[in-house]
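Okay, so chain A shows up in both of these, paired with chain B first and chain C after.
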Partner chain A sequence: MIRPRPVARLGELRLLVWVAAFTLAGYVAVVAAASGRFAWYEIVVPIAVLAIFGALHLFLASIGFRGDQLLLPISVGLTGIGFILVERLAPGLLLQQLSWLVIAAGAFCVTILIPRDLSVLARYKYTWALLGVVLLVSPLLPVVGREINGASIWVGVAGVVQFEPWEFVKIALVIFFAAYLEEYREVLSTPPRRLGPIPVPPIPYLLPIVGMWLVAMLVMVFEKDLGATLLFFGIFLAMLYLATGEPFYVVIGLLMLVAGGFVAYHAFAHVAARVDVWLAPFNSDLRFDQAYQLTQGLFSLANAGLLGAGLGNGMPEQIPVVWSDFVFDAFTEEVGFVGALALLAFYLVFVYRGMLIALRAPTTFLQLLAAGLSFIVAFQTLVIVAGNAKLIPLTGITLPFVAYGGSSLVTNFMLAAVLLRVSDITARVRR
Partner chain B sequence: MSERTIARNIRRLTLTIAIAFLVTSIGVGYWSLVAASDLNADPFNPRLIAAVRDRPRGKIVDASGRVLAESVKDGDAYRRRYADRSVAQVVGYASFKYGASGIEGTYQESLIGRDPADLLGQWKARYLGERTEPGSVVLGLDPKVQEAAVAALAGRRGAIVAIDPKTGRILASVSVPSYDANALVDPQQQDIAWGQLNDNKDRPLINRVAQGLYPPGSTMKIITAAAALESGFDPNQKIRVDDPYQADKSWGDYFVRSASGSHGDFDMALAFQRSENIYFAKVGLTIGAQKLIDMAKKFGIGRAPALDLAAAKGQLSNNGSLDRPTLLADTSYGQGELLTSPLQMAMVAATVGNHGVQVQPHYATEIRDGSGGILRTIGGGAGDQVISAATAAKLTTYLVGAVEAPGAFAFGARIAGVHVAGKTGTAETPSGSPHGWFVGFAPAEDPQVAVAIIIENAGQGGVDAAPPGAAVMRAALGR
Partner chain C sequence: MEITFAVILWAVRIAFLVLLYLFLIRAFRALHRSLSDEHIAVTARQVGLAALVVIRSHAGGPRVGERLPLRAVSSVGRDAGNDVVLNDEAASTKHAIVSFADGDWWLEDAGSTNGTLLNGSRIWDKERFHYGDEVAVGRIALRLERAQ
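The block that comes next holds the complex of A and B.
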């Protein structure tokens, strides 16, 4: 094995200095606002977080990594914001989140190092599909399955560790779709027959992906997680469109979404409740009951104004479970509309870089893979932020990197690592 | 070739995502910038109550200066203390968890030192963190009248409201059953109390004065008579009454019934004294639906009074029109699908007493700043001419007759030495025995008080409601 030659990643380093600056400043502001002072030893946690960020940078530089230099600063920048918010909203969870960050950093490095050739992923596509299904079903299994807040989406050993498998499934799903669609996209994008203007898709070729998608949907509906169901649906549509460019699939997909939503509204009480809350959160029957969380979130947004109440000066802790479902509203209340736009810009730049990596990738599989993964980040952000702002019904999906949650943090670092790998491969091919 | 199509798809997907981000940003901007001022002043927003957790909130006092709500020190924080259960629905509560209601909600900003009239103070609070001392709210409630109203209702389910016909100031406001607002601001009791109050089918949290809706019964006849007089109907014309009455065979087995099984000729004065349903049904049919609809609208039926608390708007009928002759006939004497609040009916009486001019009612009269200076006064609008002074004078004569003439139904409202104008009402309701109504004002020539009383499921209807009316008016007149 050839020993890799280290490279300088100066752009990345420069951006990391900024990340360190605002993470530290924000953390100090939050602690000082809560207790009125800042003791020196309290600096330990943010320093540890920043040390991990720095270690990741050194790791990439030391192995001579040539990939994108923006994704890591953005990812850890968002993670830094996440830590500020955990300290602000749920300080008791801070150390737990820190240990998850260590695991996430490890997963990041492992994903960067192996597999050495990403096309391996494509070769074992049905293995990925199977792994996805197994992970999906696992929360329903006895012994390891857990039900928390009405959703059976957790796996773990009580009191020790638990995680949400669907977070990993979303990556497996993109890998499987990318690999499958690379192989069959010609057939799928030039339908052999047309009924007038309507193309008839080659059903047999669609079966495996529709089957995979259907399993994912059914399981998630069964486990009562609207957010993940919606995400899988989005991934399915986006991947089909990316591969075929056929608007027909999108139209059919959206019609199915409407029909599915209608059926779900009438068939499942938890879906109907979400929609009712969304339609009239200030209704006097709902506002102290099911709509309490959303109305408190909207009060948070209203208190934001242009410049915000200042870190530590708002009242976002009034929102129940604010640290997982409503971090966006909490963040906005204290940093204002301007701060919210900055946060959204972080995500938009992440997605933009991801899509750029996809555009430049040397093979169709890598293109679909990178675009699909970037889409995940965009879609999750949009669904949760729009839910927080009452543009769509609220679904319990995590705000990538920022929201508290171990499985989310680990998966998103792996996701960023795969994107970086694709850009690294591109850089080496182009050279 | 194929790589290029994928590139095109990636670009289009990215563009779609960018547009979605834009739309989402606009949504966030809507809540944080556009809708912000409404939400920040929302009585359920805990920030307003938290803003004064560590210092006292302003006082709420009645017209005599008696304290109805004040903040007392409780450990490190302040807690609200409420003095008078009989004004619970008016004063409301300021709960950290359940928001604020009543005057506590309406004048929330004044009570925490951010009165809208004090722009400098507001600006300082937002940007400098300097807090203006909280102001107080002075209510128009007169303790003598309020006490008389509580005694007159004597714990029966219902409501009493007394207003000054000239200014719209509310002198007394009682809604039974009431509740103890102290329980809602006690962290130990609040959840249980809140649950019980919301589950209680008698709905103690509702201010029956302004939010309770009832069929007005015969008190509606004032509006029917006003519509008739204003459209040139001759009140001295004798109209034949034969119980039971139907206009023609198309009514099938439906009849209007006379309260006293009358057979005879009635003019308007006699019809008011005996509260003759058939007379007013015939009047309504004669003048037609449109005249009655217009007059009810002018008096404010179907429109919430511009009150400084939540108020119901009521309705003339389910769809706003009177398209069936039987519905027109029933509405003319106060049944049908009519629904009004006691406050609305008090305003009807006040309008007649005030020479046809309707003034909007208000609970608060003054907002004071922290040092007791008057920041602003509430009310004092000019009012609207609803009916002509001549019509009002005629109606007053009939309403005095309804109280004072021999055999008049509302005899229970008489006050020695003062002419009282009034009208009882007995409202049929599907839920048990009929509600008893009384509306009136005194002195008839130059009224200082107008009242409306509803006693839910009173045994004898209007007959039960007239004496409390006299008691409340007596207190207001100081007799």
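The block that comes next holds the complex of A and C.
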């Protein structure tokens, strides 16, 4: 193996300095507001977090990585905001989240180094599909499955460790979709017959759509996870559209989703409950019962105003499970509209950058892969922020990089690493 | 003492928001810079170093007036893999080479069946190709022009 020559990644380094600055400022504000004084030994944890960020930068520079220089600062910037919020909302979980960050950083480096050639991923597409399905149904298995907060989306060994397999499933599925659509997109995008403006592909080509729809519906019904259903089917439709350029598939997919949702609303109590809570959270039967979390979140948002209550000065702890489900409301309450806008801008930059990486990628597989991964981040952000703001029914999706959660953090770092790998390949091909 | 603490705390809170935006401004600037770099790269690819302008063609060939960008070494021929594709039955799969060397453009026949005409006369060697010169392949004629 040729010894890699280190490169300077100055753009990345400069941005990381700003990440360090705002992470420290936010953390200090939160700690000082809670304890009533400034104690310098308190900043050990954020310094450790920032050291890990710096180590990732040095790692990329030392292996001569030539990929994007904006994605890492944006990702770790969001992670920094996440640590501020964990300290604010659940200080007891801070060290746990720090150890997850170490694992996430390790997963990031491993993803950067292996696989040497990303296109190899495409060759094992049915392995990825199988892995995805196994992980997807694993929470339903008797020994390892756990039901937490009404959603059977957890796998764990009692009391030792538990994780949400769904988080890993999304990446496996995007790899599978990208490889599958690369192979079949010509067949799918040139339907032989047309009925007016509507293309009529032969039945076999519609099977994957129907299959994905069935799996999505099963997840909704058996794992009681609306978010996973939306994300799963959303990714599939978006990637299908990207690959074929045929809006018809999206329309038919959305119609099937709406139809399935309608039937599920009438047939399953837990689906109906989510929708009822969304439609009328202040209903006297729901206000202090099922809708409690959502209404507390709405009060939290209402308390925000333009500049917010000030970090550490609001009352987001009044929202149940705020650190994983309602971080957006908590953050907004304390930093106001101005801060919330900044947070959304972070995601905007991430997704825009991801889509640019996709546009420039040299092969169809890499393009679809990068676009699908960016879409995950975009879609998750939209679904959870809209859920927190009562624009759509609330789902258990996490806010990428920011919300407390180990499996989510590890997966998001791996996702960013794959995007970086695609941009690195592009940089090397173009030279 | 109490008041100073509150003031400093608010200063830190506001500093957090300001830093957040300073970071974002730099991130957006980096995004913008790479986008305009991309624009320049794309334009360079479309404009080329020079262009062959179509001055005579036929129904199946390139449109008259169309500018076909040239690279430092461009292949001309009927095959779609060429840099300049000429859809004419008299054109060979790989017909001619246009290259830039020693500050000049050069035209060379690549062993075509029906030959390449430079300003009306068939070429046998690598010929100097001046701006304004016309090259004819089959029923298609092209003029070398500077990049715009």
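Keep in mind that, in the parts below, the second predicted complex is superposed on the first by the 418 of 431 C-alpha atoms of A that agree within 3 Å, B and C clash if a C-alpha of one lies under 4 Å from a C-alpha of the other, contacts with A are read in each partner's own complex, and residues count from 1 in each chain.
In the analysis below, a contact is a pair of C-beta atoms (placed from the backbone, for glycine too) under 8 Å apart; a residue touches a chain by one contact, two chains touch by 3 or more.
If you're wondering where the values come from, they're calculated on a predicted model, not measured in any experiment.
When both complexes are overlaid on chain A, the residue A:Gly245 reaches chain B alone and has no touch with chain C. Touch criterion met: A:Tyr352 reaches chain B and chain C at once. When the two complexes are overlaid on their common chain A, residue A:Ile74 makes contact with chain C while staying clear of chain B.
When the two complexes are overlaid on their common chain A, residue A:Phe299 makes contact with chain B while staying clear of chain C. By the touch criterion defined above, A:Ala416 lies against neither chain B nor chain C after alignment on the C-alpha atoms of chain A. With both structures placed on the common chain, the touch criterion links A:Thr364 to chain B but leaves chain C unconnected.
Between chain B and chain C, more residues of chain A are touched by B. Contacts of A:Arg185 after superposition: chain B is touched, whereas chain C is not reached. Common to the chain B-facing and chain C-facing surfaces of chain A are residues 352. Chain B contributes residues 2-3, 5-11, 13-14, 17-18, 20-21, 23-25, 27-33, 35-36, 38-40, 42, 44-47, 50, 98, 194 to its touches with chain A in the complex. Chain A makes touch with chain C in their complex at residues 11, 14-15, 18-19, 21-22, 25-26, 28-29, 32-33, 36-38, 69-70, 73-74, 77, 307, 310-313, 335, 338-339, 342, 345-346, 349, 352-353, 356, 360. The residues of chain C lying in touch with chain A in their complex are 5, 8-10, 12-13, 15-17, 19-24, 26-28, 30-31, 34-35, 38.
Across the complex, chain A meets chain B through its residues 185-186, 189, 238, 241-245, 287-288, 295-296, 298-299, 301-306, 315, 318, 332, 336-337, 340-341, 344, 347-348, 351-352, 355, 358-359, 364, 367-368, 371, 375, 378, 382, 385-386, 389-391.
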